Structures are given as C-alpha cells and as structure tokens.
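Each chain gets a letter, A, B, C and D, in the order it is written, and its residues are counted from 1.
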Amino acid sequence: MKREIPLLIAGIVGCVLVIQYFIPHTPFGTLNDVFSDWFSIIQATAIWLGALNLIKVAGDKVYKKQKDWPFSLIIIISFFIMVVVGFFFSGGRRFLEPGTPFSQLYDYVYSPLMAMMFALLAFFVGSASYRAFRARNKEATILLLAAFFVMLGRVPLGDALTGWLPQSLHMSNVASWIMNVPHLAGQRAIMIGIALGTVSTSLRLILGIERSYLGGE
Amino acid sequence: MSTFGIWIGAILTLGILSFLYKDNPFYKLCEAIFLGISAGYWFVSLFWQNLVPKLFDNLGVTKLVGFQADDGALQNLFGRGQYDERIWYLVAGVLGVMMLMRLVPKAGWISRWPLAFVVGTTAGVYLTRYLASNALDQINSTLKDFVAIGQPGFLSGMNFNYLLVLIGVLAGLTYFYFSKEHKGITGGAARIGIYFIMVTFGASFGYTVMSRMSLLIGRLDFLYREWLHLIR
Amino acid sequence: MKQKFWLGLLVVLLIAAGPHAQESATAAPDSGASPLVKPPGEVIASDTPNDAGGSITIKWERSPDDIAGVAGFGGYNILRGTSPDGPFESIGETSGGGDPDDPMHKTYLDNNTTDGVAYYYAIDSKLNGTMARAITATAIVSKQQWFNFGLVNMLIATVFLISAILYFISSAKSGKKLYIRKIAGLEAVDEAVGRATEMGKKIFYIPGTQDMDNVQTIAGLTILGRVARLTAQYEARIDVPVSRSLVMVTAREVVKEAYLKAGRPDSYTDDMVYYLTDDQFGYAAGIDGMIVRQKPATIFYQGAFYAEALLLAETGNSIGAIQIAGTAMPSQLPFFVAACDYTLIGEELFAASAYLSHEPRLLGSLKGQDWGKAAIILALLLGFLIQVSGLFDFASLFSVAGG
Amino acid sequence: MAGESLKKFLEKMMGIDRRVIFLLIFVALSIPMFIAIKMKIPVSPEVESLVDTMRNLPDGAKVMISLDYDPSSEPELQPMAETFFTYALQRNFKVIVIGLWPQGAIQAERAKTVAETKAGRQFEYGVDYINLGYQSGNELVIQRMGSSIPAMFPRDYFGQPIGQYPIMQGVRNFSNIDYVFNLSAGYPGTLEWVLFAADPFHVVVGAGNTAVQAPQMYPYLGKQLKGLAGGMKGGAEFEILTNLEGRAVKYMVGQTFAHTVIVLFIIVANVAYFATRGGKKGGAL
C-alpha cells in the first residue's frame, strides 16, 4: 500500500492534466494553474526540510569542530539574520519593497555576490574555449570553426579583417549565416528529440513504469 | 546606493573574484555568507509569496488569525454558507503537511503522496508542453518558407538555405535514432547529423561570449567607477 | 484548406459536439448620426471559439473614411449593451486600419463578458469630433467550449506517439529482443564509478538546479537511481548536494532504494543527500568550493541547468575529475560539451535511465520514441515535396493555434 | 635551436595555467576603461533605421520608454537608456517612462541622472518627464494601455495621481504617443510590444535588446519594428549615430579586446597542439 496509492495518485493526476490541455471548459481550463499553485504550496512547506537540513549539516560541523567549522557558523548566522529580518522586521508581506531592511540586505549583500558569481563566466568561457577548441578530430574541428567565426563576427574586428572580401563574405554576415542555417538546423533536431524524450519520460512516469522516485517498501 | 553599501558590495565582489586565483579563506567567507543569505532569502520569500497568498489568503486563515486580509473560503463557507471553490486549496495544505511528516521517522512514508502528486503533475504537463513548441511548430517552420517550383525565387540562395536546414534537421534526427545501429545510410546520415549539431554547439558558444563579457564589464564598471571613482 | 483537412480527420477520431458558432449580423447603420463621418459597415459579433467563455469577438467592415485614409480619422469606439436600443456603455477603442489577414475588416476582442448574458455591440467611427454608429442586429452570448479545435493536430500527434510507445512497451514485455545503439556517455558510467572507487575518492552527483516541476530533474533523479546502485556495489562514496528541498526528499528515496536493491541497505545514510540553497549562483559557489576542497574523482551533472552549468563544469575540469553531463537545456549543452568528458545531448538524457536499467519495458519506450522520429522524418520529406510542388500549404497542418 | 625552443614554448602553452587566461581577459577588459582608444565601429542598418525613426520625430514629441529588464542586463541595456534620455533632452521630447519588469522604474531614474549630467540640462518632472513605474500583468498592461493609459497607470512611480501633471494632459491611449522605445531582456518585452502595441494599435515601436535576444526579433523588423539595437554593439552604434558617444562605445573596445584574446588563444592552442603532436597519430574519432 505504501507504493500503490502514490502510483495511483501520480497516474490519475498525470492523465487528468494531459486531458485538460485540450479542454477549455471549467474546471479543466484552469486546472493547470490551480495545480501549479498547489505545487507552490508544497514547495513552500518542503523548504522547511531543506533549511533544517542545512542547519543540521552546518551545526554538526560546528559542534564537532571539524575543519573550517567557523565558516559553517557563518552560514548559520547569515541564514538566521535573513530569516529574522524577513519575518519580523520588514513589514510582513511587503518585505521586498524598496527600503525595508530585507531588501537592503538583498541589495547590499546578496545581489553583488550573485552578480560577481555570474560574471565569473566571462573567465570560464575563456579557459573552456582554450582547452576545448582544438582540432583533435573532425567533430572538434567543426565545433572550433563555428565558434571561431561567430565569435569574430560579433565584434567590429571581424569585419575589419574581412573588409576586402565581397559584402556577403564579411565576417558578420558569415556569422549570421551560420546562426540562421546550420546552427538552426542542429538546434531544431535537438529540440524535436527533446520533445519526444519528454513525452516518453512523462508517459513512463504516468504509467508507473519508472517509479524509483517512490523509494522502496 | 550609500557609500557603506558600495563598500560591502565591493568587498564581497573581490572575495568571489579571488576564487579565480585559488581557494582561500576570503572566498570561503563570501561563500558561507552567500549560502546562508540566499537560503534565508528563499526561505522567507517562499513563505510570503507562496504560502501566505496561495494557501492562507485563499482559505481565509490570514484573517482568522487576526491579520488584515479579505475573506477567504472558510469565512464564506462557514460564515455565509456559500460554496467557495478556493476551499480546495485545503488539499494542497494537507499535502504540504504530509511532506513535513518526513520529520517523524515512523510516518515519513506518507510524504510519498505529495511527491506522487508533484511527479504526476509534472509528467502530465510536460507530456503535451514540448510537443507543440518543440516538435510541431518546428516542423511547421522548417517547411513553411519553401518557394514552390516555378515561383520567383525558387532557385534563390534563400531557398537553398531552407533546403540545407531541412537536411540538417533530418540528419540530426537520425543521430538521435536509438534502435538502429549507426551503419550504412543511417550511419552516414547520423554522422552528418552530428556535424550539424557540432556547428550548433560551436556557434551557440561563440554567440554567448559577448553577453558573458558584458557581465564582467558591468562588474568592473562597478569596481572602478562606483567604488574607486577611478573613471567617470 | 487546413481546417477542412483536420475537421475531416476529427470526425473519424472524435465524437464531440462542435462549437455552435452563433453569429449575428447588423441592422442598417444608424443614419441619425452626423453626415460628416461614414459609419462602419456590417458588424458581426460571435462567441470567441475554443475558450473557457467570458469572451466575444466583434468584427466590422471598416468605415469608408477609414479605408480611404481620410485625414483626421480617429478610429473606433466599441460599446456594449444588453438591448439593441441601448443604453450602450463604452468598453474600449481602437485605431483605424485593417486586420493583417483581412484588410477590409477590423476585429476587437471583448474579454470581459458574463457567460449566458445576451449582448449587443455598437461601433462608432470617429472623424474630427463627429461620430457615426453601426449596431449588431441580434444578441450574442458567450460560453465555454468542451474541446479546443485549435489543438486537433496536437491531439493526433499525442495519440499517435502514446500509442507507438505503449505498443512497444507491451511488445517488449512479451519478451521481444530490442536493439539499442551504444551511447558513449553511458558506457563510461561504469568506468567512472570504478575509478573513483580505486582512487578512494568521492563521486558528486548534481541533479540540476531546477525543482521537481521540471521533467528534466525527474529524469536526472531516475539516472541517479542507476548510478547509486553502482556506487553501492562498488562501495564508493556518493554525495548528492541539491538546490531544492523537494529534490532532496526525492533523491533520498531514490538512493535509499538503490542501496536496498544492491543489497547494502546498511551503507545508506541520509547524509549522502543534502540541501545547500535554492539560489542558482549560491549553489554554484558552494559546489565550486566543495569541488576544489574535496577533489571528487567523478562528477555527474544530470538534469536542468542554466548559467551555472559552466561555473560547475569548468571548476570540475580544473581538478581533473571525470565529468559526465546530461541536459535538455539547449543553451547550456555547448558548455558541457566544452568542459566535460561526456555529454548526453537532449533526448539522450531522457533515454539514459532506460539504457542503464536494461529493463525491457523502458527500452520498449525508446523504440516508441524512434517511431515518433520516423514519422517526423517522413512528414518532413513529404512536406518538402508537397511544399515545393506548390500543391497546398502542408506546413500549416503543423501550426498549433491554441493552447 | 630556435625551432627547439619554440617547440618547448609551445609545449608549455599546451598546459598553460588557466589563471594566465583569466588575467589576460581581466586586463583586456580593464584597459579600455582607463585609456580612450578610438575604434571604428561600423553601423548596421537595424540601428540606422532606429535612429532615423527618432530623427524624424518632431521636436517636443511625446515618447514612451518601456524599460523591461533588471540589473543583470544592465551592462548591455543601461547605456542605451542613458543615450535615449540624453537624446530626448536635446530634442525636447516629452518622455513617459513605464516598466513591465519591476526594476524598470529604478533603472530609468538612474539613467535619467546620468543623461542630465551629460546633456547639462534637467528634465522638469511632470512637464517633460514622468515615471509611471511598474504594473504587473505583462502583455495585458500593453493591451489595456491601448484603450486607456490613465486607467492602467492612475498614479506615478512616487504615488502621485498623474492627472495633475501637464505631460499627461491629452494622453488617453497609444494614439497620443508618437513613439515607443522598448529596452528588453526577455519576457515580457519587445515581442509583446510588437504583437500587442505595434500590430493592433499601429504604434511606432523601436527597440534595444540584449545580444542573446536580438536575433529572435529580426523577423519583425521593418513594418512592425522600426529599428533594433542588439547588445553592447547595438548600444555603441546607437551612441555613434546620435553623436553621444559614451559607455557602450568605450566598452565595445573592451569586448573586442576580450574576443581577440580568446581567438588568439584558440589559435595558439591549435598551433601548439599540432606542433607538439609530432609523429603521434591523432585519435580515431
């Protein structure tokens, strides 16, 4: 029973949602939105489990004085600062409005961390292309050439280098041809494959053939 | 932004940047702050943005416990005797509580019910979601622009490009064929397919470089201009 | 053309009540208005098809002044009432000019109707402060429909695919042998787990940064089940840091089940799966730190990824870990290809669990997918011939109108 | 001898420390920020038509700018906003600001300050500038503005009723707006402006997009979309054509440097790869 009922729930819910796609009539037409609200509610309760787990793992480290335990302590402290400020000192559900202590923590601490982490990509893009774009074999050579042309076509330098060629062979035009023809074709093949893969995976989940997410008895 | 805020931002920015050189205590500090702050942010946000409006407001719990809010399903149902469809949100509340039962070792198995609901919903939604935009629409756009024979532009470069796209799509699809050995015609087509896919990857990569550089430019601008006032 | 084709097919496939499109035509234009502007022609209102009610589409012949492009033409006011004699209440206005596909007419969508109420619509054309009116002749009622006729092609495609997959699942169950080609990334899983064991180092498994409402995450977790079974057999240590609480809960069930099936339930602990943060970059910062400090021998990335993909994979690469990635996010695939040893591309991610399990029913579903691919290839070839010969617009059969 | 040492050097390059690459990218992006380097940036027809449309507006025209992005796209789109505001000051345009993204209004205020310093002139609030702030509803906001702008935005960003401001006198819907400039980083954005404003209400719409989004908008250029500036490069061209060279032009030099560094590295890597591979046979696949 510990597995049968969940399998039944997944199957029924899945079938209903597939059918509702084709039916605008109530209650089907809005079912998707309602279920996505329900998901949000489950998600919002489940985050208590995640947060408790984070505190437990970090707390263990501090308690056992494992390597780097002071940093675990900082995780716990900054978590609680954010939570206490967000729950009690930022005007309830208006917690994100400009000027609240919560939004100030967001602007001054959270947001620069996010932005810099994101910007590290500029460096990693460089090191990844240095290593990956070597003409080791046919596939790698094609990868390299496509990247090379598109990268150059995106900056004025590319056109400056190819200025002596006819207009259609200017680097920026070559780059946009690559984007609009072979790149598009490959992209479409990948997308169609993904569509088929999702249908099949979804169906396996609805039928209960794929059930490892339910765990054992 | 206040000077104080800019200084904090700049210090944290440098901390993350220092990871490029190597792992160090400064980065560890920023990482720990980042983990704690962001986990706390999501914890608070999900409460105020999901739980309160979607569960407590709809049911009327917010008003019941004394906060200012509109009437919810409970008030309508028991106060006025009117049916209110929002009462169904109670089911979601129950599913949420079942999820929390994982904290009780003996009753943890009940959390599989909400899990099954979530998986069922996702499967149901995705079964149709990609089929329209990723398959049918793509077939449509691959075919729709072809110029028919005898029409002006039949022998144009554009029409040739459409044909090339078609060939690429066909070859690419053959690459994804699982139940046939990639030999003979299938093998040849699959090989051409992987070439097209490689162009796709290379081009996407090259294409993204610019926006990634822009991100870093934005950060350097923050450091040099707003923090150090080195440039105007 | 397209409409007829599908409707013909639909009669065979479906027993459904069609939408009884009620239409009402106009009365003679109200001649009492100022002679300075010419009124719009016939006004037709009809229930908007394929929707959940609450909407009426109004279409009218453009005023001759609008068509002639008279200077100072000020567009139209749209008014609504419950009786042909008024009173009419203004519900909106629109500029002059025709519809893109019907230059003689103008359309307006009233999305604020109550189902079951009979409405009349009036259209005023405007020129230099003068107005002239045309009114619908009969009442029109909006209502909900039971089937979205814009999705007939989707229905056919869905039914075809589901039947193909179901057919091959059942034929696989009956013991028919199915061939599946090699997928290099998955062939390497065994070796990657084995190497970590030999080196006495950890294996990291990253199931993406999206929640359980993304099917890629679920696909990633099913692959986790197969990988965890191997780590149980090899007695290697697997770490699953996650960025969503629901994923944590699910991943624990999956890993626990895998250890049970491998006959080593005692080796499993909840600590193998732990939550870091929901934020994509916070998560990346945490994992990057763990990668350089703990130096895992093998890292799996299976699921849905955004910009953090390269942040993780490039750091993993810098410590020399074997990396096997898989995602159906087209924008992130190039970065995994550049930084990982093996990458499962799109559909291969969804096939991985079936491939690794060798379970006939799952493999059968792959064969079903292939039939879908074959049908699409056929449609593309056929479509090309029809399109180029100029027979009819075959492509439009695949354009999805509703949904 | 020379060949020997070259080979050694190339062998070293094969396994070069990634930190060297990091450093070079950092330097390449930093240098142009401090030293003014002139670079010729060719202008694309899309940006040319964008600026032409603006040029053809009468002085004092009523324009709307919709800022549909957040700080993460700031490096690409903020320079365009600054240029637009500066140009508006020069031409005495009456500017109405809205945002379909919550952060749009703040971005506008920041860009306005920069523009005022640059133009040496201030907007008079309520007379030639108003910030209507953000409204939720995505494309529905655009749709409803088609029938009534005051109904969709009864108050401005600072909570004041808009009726009291001279700039809003006579503004009822899109027919009273001469031009809409949209800065977009995704949904809702340019696509929605084209489908829900340009198509049904025949509003003149021009746009600035992030580099990632821009190619998807090309099909709409011409009748539906009067000009498009894509990414930092588009922003630089926009600045050149309006004679307001600023941050984007400057940063474009950095972009070019960084791209060049990466391209050079790819070339070096391949040269090194082939030189050091020597007699060894390449892999089969």
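Note that in this section a residue touches a chain if its C-beta (ideal position, glycine included) is under 8 Å from a C-beta of that chain, and two chains touch if they have at least 3 such contacts.
What you are looking at is a predicted structure, and each value in this text was computed from that prediction instead of being measured.
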Maximum centroid distance from subunit C, chain identifier (CA atoms): D
Two chains sharing the most contacts, counting C-beta pairs only: A-B
Averaged-CA centre spacing for the pair subunit D and subunit C, given as whole angstrom: 29
Approximate Å spacing (C-alpha centroids) for the pair subunit A, subunit C: 16
Length of the line joining the C-alpha centres of subunit B and subunit D, rounded to whole Å: 23
Between subunit B and subunit A, distance of the C-alpha-averaged centres to the nearest whole Å: 4
Set of subunit B residues in contact with two or more other chains: 16, 19-20, 28, 30-31, 34-35, 37-39, 41-42, 99, 102, 112, 115, 118-119, 121-123, 125-128, 131, 135, 139, 141-142, 166, 169, 173, 176, 197, 200-202, 204-205, 207-210, 213, 215-216, 218
Junction residues of subunit A - those touching two or more other chains: 18, 21, 36, 39, 42-43, 46-51, 54, 111, 113-115, 117-118, 120-123, 125, 127, 129, 131, 133, 139, 143-144, 147-148, 151, 154-155, 179, 187, 190-194, 196, 198-199, 201-203, 205, 213-215
Multi-chain contact sites of subunit D, meaning residues that touch two or more partners: 18, 22, 25, 29, 72, 211, 233, 255, 258-259, 262
Touch-based graph of the chains, sorted into line, ring, star, complete or other: complete
Subunit C residues within the subunit D interface of the complex: 74-75, 92-95, 97, 100, 318
Subunit D - residues contacting subunit A, complex: 16, 18, 21-22, 24-26, 29, 39-42, 44, 71-72, 106, 211, 215, 233, 252, 255-256, 258-263, 265-266, 269-270, 273-274, 282-285
Residue ranges of subunit B touching subunit A (in the complex, touch as defined): 1, 4-5, 8-10, 12-13, 16-17, 19-20, 28-55, 67, 88-89, 91-93, 95-97, 99-100, 102-103, 109, 112-131, 134-135, 138-139, 141-142, 161, 164-169, 171-173, 175-176, 193-210, 212-213, 215-216, 218-219, 222
Complex contacts: residues of subunit A adjacent to subunit D: 98, 111, 115, 118, 122-123, 125-127, 129-131, 133-137, 139, 144, 147-148, 151-152, 154-157, 159-160, 172, 176, 179
Contact footprint of subunit B on subunit D as seen in their complex: 19, 22, 25, 29-30, 33-34, 72, 74-76, 210-212, 231-233, 247, 251, 254-255, 258-259, 262
